[in-house]
Amino acid sequence: MKFIRDSLHGNLQLNEFEVKLIDTPQIQRLRRIKQLGFTYLVYPGANHTRFEHSIGAMYLASKLTHNLDLSNDQKEMLRVCALLHDAGHGPFSHVSESVLEKSHEELTSKLIMESHLSDILEEKFDPKEIIKLISGEGRLGQIISGDLDVDRMDYLLRDSYYTGVAYGVIDVERLIYNMKLEDNLILKSKGVQAAESMLLARYFMYPSVYQHHTTRIINSMFRRCINHLFTEGHINPENIYKYDDLDIIIKARYQKGFIGDMMHRLDNRKLFKSVYSLKLDELENPNAVFKIKPDKIKSFEMEISEELNIPEEYVIVDVPDYPSFDEMKTQVSSNGDLINLSEISTIVSTLRDARFNHADLCVYLPEENSNIKDFQFQDYIEIPK
Amino acid sequence: MKFIRDSLHGNLQLNEFEVKLIDTPQIQRLRRIKQLGFTYLVYPGANHTRFEHSIGAMYLASKLTHNLDLSNDQKEMLRVCALLHDAGHGPFSHVSESVLEKSHEELTSKLIMESHLSDILEEKFDPKEIIKLISGEGRLGQIISGDLDVDRMDYLLRDSYYTGVAYGVIDVERLIYNMKLEDNLILKSKGVQAAESMLLARYFMYPSVYQHHTTRIINSMFRRCINHLFTEGHINPENIYKYDDLDIIIKARYQKGFIGDMMHRLDNRKLFKSVYSLKLDELENPNAVFKIKPDKIKSFEMEISEELNIPEEYVIVDVPDYPSFDEMKTQVSSNGDLINLSEISTIVSTLRDARFNHADLCVYLPEENSNIKDFQFQDYIEIPK
Amino acid sequence: MKFIRDSLHGNLQLNEFEVKLIDTPQIQRLRRIKQLGFTYLVYPGANHTRFEHSIGAMYLASKLTHNLDLSNDQKEMLRVCALLHDAGHGPFSHVSESVLEKSHEELTSKLIMESHLSDILEEKFDPKEIIKLISGEGRLGQIISGDLDVDRMDYLLRDSYYTGVAYGVIDVERLIYNMKLEDNLILKSKGVQAAESMLLARYFMYPSVYQHHTTRIINSMFRRCINHLFTEGHINPENIYKYDDLDIIIKARYQKGFIGDMMHRLDNRKLFKSVYSLKLDELENPNAVFKIKPDKIKSFEMEISEELNIPEEYVIVDVPDYPSFDEMKTQVSSNGDLINLSEISTIVSTLRDARFNHADLCVYLPEENSNIKDFQFQDYIEIPK
Amino acid sequence: MKFIRDSLHGNLQLNEFEVKLIDTPQIQRLRRIKQLGFTYLVYPGANHTRFEHSIGAMYLASKLTHNLDLSNDQKEMLRVCALLHDAGHGPFSHVSESVLEKSHEELTSKLIMESHLSDILEEKFDPKEIIKLISGEGRLGQIISGDLDVDRMDYLLRDSYYTGVAYGVIDVERLIYNMKLEDNLILKSKGVQAAESMLLARYFMYPSVYQHHTTRIINSMFRRCINHLFTEGHINPENIYKYDDLDIIIKARYQKGFIGDMMHRLDNRKLFKSVYSLKLDELENPNAVFKIKPDKIKSFEMEISEELNIPEEYVIVDVPDYPSFDEMKTQVSSNGDLINLSEISTIVSTLRDARFNHADLCVYLPEENSNIKDFQFQDYIEIPK
């Protein structure tokens, strides 16, 4: 038995097998990958890593499965899945994913099968089954990657602790004590309010943290930077899961030209400014915005660049992340029936609609070019109906 | 007015002048310097930075000076000092300081005078006065660098929050409300207990965090690594305050030979093992250990290396940090007299003696060489009387 | 200067004048009045009092007014109002209010004018102005009793701390920093989310704490008890604000007959059981339920009593508290205009509708009579359309 | 399974048997007995009760026994002991104990055997064995009443939470994970620091909370009040464990003469003032103070009363509580040997001596009589050598 002290959940117990997994370079790498990328430029405490999150998710897997009717082997397997669920993430993966051709799930699967992790796993489990669970397959898979999974519970709590944003407070205990396993992972009706609290935490964390306006600017700048690293051949996207944050940043920092300039701006917090904002809830069909093709966006940028006489790569048209709310699919057992959470809870259905409230499409320019008046950006950005 | 959200102290207000200082590359660099270096390999949450610590110290400076009889200008000056007090620290400074020829104070002074910081400061203050205060000079200087300064209050609380180690809880409010400024910064007798609590927090944090056995091993490994970077000319120690953590780690990671090997071990948490421990409280004169010259220690290492047939740079004899306890010099006003804190409080005088309880001199070897029995390390390590 | 240690807000400073007010029997009495009455039978930690709440509200008044353009005298006056705002509450006032002929505001006004409090107030202020502010009159009155007042902020946080229910977490700092005083107390648009969080806290605290099913049973039992104490002449409702919790409970405990029996049940937690529940959100017009006259409810109880052969006073038909949500009237300044919060925020308008989700009309009977099957309660309870 | 929400430890699980015990009038009475008596007059949040403390101790018993080599039956028995350990306490027991002729242990034993509790216990256990464990007998008894028992752990944490005094922070998890059961409950050497933290928490809580100067005045006043209630026959000390706080206070409030006057002063916080203080650490033999017989103290009071012409019962000579520190007897396993904690830890031995630092013998008088100068109290108080 070994203990790791987690600042959030306290002393967490690990068995020998888990320690062996943790001691691999693949899991140790997660210590050097920040959970929220560059968000520390907005919330200076947000330096927490995917390593502590993985340990925390493992702990919550124990807590959640404690009351479920499962064998000890199944419980241990779910702990291991929670520990490994982020192993294939590259650094800044939320930023880089648009250019990657493989999904995280594929990368994690590849990482496990290619590395010593699969050898260790085989001592006790079938690695392929672990991979399936991590992808959310099967009724047990929902505990790791589902509507109300331990991944989400941990990151909402943890992001709240480290950013200092109070909204991420969820009644995790009540949520966990009110789940049961039938054909699916089911919420008892007594847990509806706790599930609502989790949805609300996400709803509030979106504009405050995950899609904070400054965070979006920073991510847009860095996404452009990382794309250039890929296209200019400095980093092979295929191997992204072998790098840590430092590799990428240093690679960018010592490049000349655009990449080095962008990284220099990020290092010194000389951020682009938002010069235009189109609120999605003022559109007839907000969803259309998320369907604009990358090529189309590039063409908007090119036209603006030409008109304003700013190099093209310094004009950023930024579509917000699509605010998905899977929890509303959660099934609730109520007097013997299974009902969708969104049918039982008007809060949940409201949040589904309200999630576009804070979303907007923006244009960012370097500060030195941002003093623009009377430029009609809307003429250059065409939203499909 | 601008706000920064600190996970510890909440929403912190900044005025325009302070924002200008913060927006310099010199202060932004602190975002990329971890407060506790590699301690995150022991406490996975310990990823906090000198940036948030500097903002936090600035906040505590406001709180402490609020009740003191000072002009608004003096209060603002002390806030600025707290903000800048760590600006000259290099990455991993507690690890590298043994080889640096300049003290932190000198480096901070140099950094301020050489950079744009002094230009900004001059709009309101005399930069030289700021530097003096940061060095603890004058009666106001004690607020920044003294027995019970805001630096220490903030780091004890902050290190406790991020490591999850509960001991760092100090009654800061009671401490702060019970200070007054006469010829020196004085503690009112009602604050004695709060000061005891601060001393105790440090006493407990020493073996749990700052001098945790694994932390010491890690720091010893990295110190050796950084010394080689200096002596082999990869990094100029004179410029150490211009680097951030990433620069140093990446420089080491891509070296061949000893440096690269050491960094590889640290990245993958393949740590040296402790093979010998000499407890200082079993010595007649524990203080003698701290007076052993570096050359002497090197000679111990060489002899052990030869005898065990392990390359010299892989044998580490590690003397613990000297556990200084300045708070005991604090003066307490009691019925009109000024008395030393250590005279009033038996707790304080005990802690002075007890601080050697947990200290030991150790020898570390690579794990693959650590399976040694019956080797008489004590024959190779000569402690002066 | 004196300090009081509040478990929620830390060391709170009081000046001499405030200490004089606090040291009156009228404010000291609040130490013996639980904020949440009998809720400690559901949440064993809910023993906090109106005294600490009053001190806490005073503290928040300082914090809120700190950034408003007010004179020091006005700020001090608002602190005093927050301190006194609950002085006229009787014990268990939320339970007894239905039988009282005077409102809390009238009682507080009466208490202040009749007691030594008005003499003390006159040293600095006009007591009548204080009373007006406490009643929420004028633009400053909204700070004490308005949509987003310090009373509500403190009790949501405090009730959350002592019950252990996590939902009451509000971003008070952000809310407070985003208020400004024009003709009314106005919310800046940056504070909309913090206001939403406060509304949500209330929304969640309703079914979890304030209208928890067991709390409602307990309150119904005790309400009946206290009504009998009034009608049988044991307590004069006119003087209710002179009693504390202990007076009322002991008066009830040592009565014979119904009163003593009810109190005995409460002391030993032998609670009535709910035998019927009519969900308001299943009604066409939920609001109609709140308009049923007390006489009508009494007649329902009499008929059920007769039919089931249970003494009338042991049959309780309980209408839930009307879930009012005043915050939605809050005005938000947005690009120079003032807009209602409920127009800006779809969350807010949803909560207005959703608040009937958890509300139901119930029938309670003693446990020994509760084993009833097939009784058609709905035939005895007539809801107006 | 049922859950109780504890504000300190979260959702606590109870089984059916435990619920049955909790639902007795004997355990429900504990909801109406404040853990810290009148301390809420000093710390307004200190309204917590022996009920929540008992539930909390039960929870810690589970946690502590989780890692010990015990049968499920033994673990359950220890939970039940923790739940019942305070059942025999009368209200304000720390105040009244000097006049009671039976110890708490005897009263708890009597209560269990006389009440329905023993019938319930017999369904699963031998009530006599439960009583023995509660008294600390046997090697398992130390978990309930020993050097490092769950009672103490819970009350230190809980008193800290509700008073807002930060010192009571103990690393309970680390303490609990480092205990093992041999012939005695033993501390592993890795737990020494956590045990030190517990001792320190107690050391700091003594002067800040338990023996706070104002608390001591209040307790002295109330002790005198309660003694009069006993000697005048208003309350039978034999039955003290059947009363709750309200009974005693109301009995006192409505008495005429001395008792009513004292209670009136307490209700309105018109406290006696300290007019003399003799610091124990200035005496050659501080222990002697604790050996002064009650009769002797009474004679001091009579002489002062006569000389100052104040009624005898209004003169209070108050000896502080003896600050016992049992934890130092704790045995620590170190390399196979068992050593006393005080031998291993110099902190612990210091605290043993330092505990007299804050202790003083005091004289209290009503405020209206406290304006005394030049009265030589020391001439009337004779301390044995």
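Worth a mention:
Chains here go by letter, A, B, C and D, matching the order in which they are written, and residues are numbered from 1 within each.
One rule holds for everything that comes next: a contact is a pair of C-beta atoms (placed from the backbone, for glycine too) under 8 Å apart; a residue touches a chain by one contact, two chains touch by 3 or more.
These figures come from a predicted structure and were not determined experimentally.
With contact taken as defined at the outset, subunit A and subunit B are each touched by C, D. Number of steps on the shortest path from subunit A to subunit C, with steps defined by chain touch: 1. The greatest centre-to-centre gap from subunit B, using C-alpha centroids, is found for C.
Same interface as A-B, judged by over half of the contact pairs sharing residue numbers, among the pairs B-C, C-D or A-C: C-D. The angle needed to superpose subunit B on subunit C by their Cα atoms is 180 degrees, rounded to the nearest 5. Where subunit A touches subunit D, over half of the residue numbers in use are shared by the two copies, so each contributes mostly the same positions.
Counting C-beta pairs in contact, the pair that comes out ahead of the other among C-D and B-D is C-D. Distance between subunit A and subunit D, defined via averaged C-alpha coordinates, is recorded as 50 Å. Separation between the centroids of subunit C and subunit D, computed from CA atoms only, is 34 Å. Centre-to-centre, using mean CA coordinates, subunit B is 41 Å away from subunit D.
Within subunit B, residues 10, 165 each touch two or more of the remaining chains. By the touch rule above, subunit B contacts subunit A in their complex via residues 4-8, 10, 23, 25, 28-29, 31-32, 34, 40-41, 43-45, 47-49, 51-52, 55, 161-165, 245-247, 249-250, 253, 267-269. Partner subunit A is touched in their complex by these residues of subunit D: 3, 10-11, 173-174, 177. Within the complex formed with subunit C, the residues of subunit A that make contact are 165-167, 169-171, 193, 196-197, 200, 203-204, 207-208, 345-347, 350-351, 353-354, 357.
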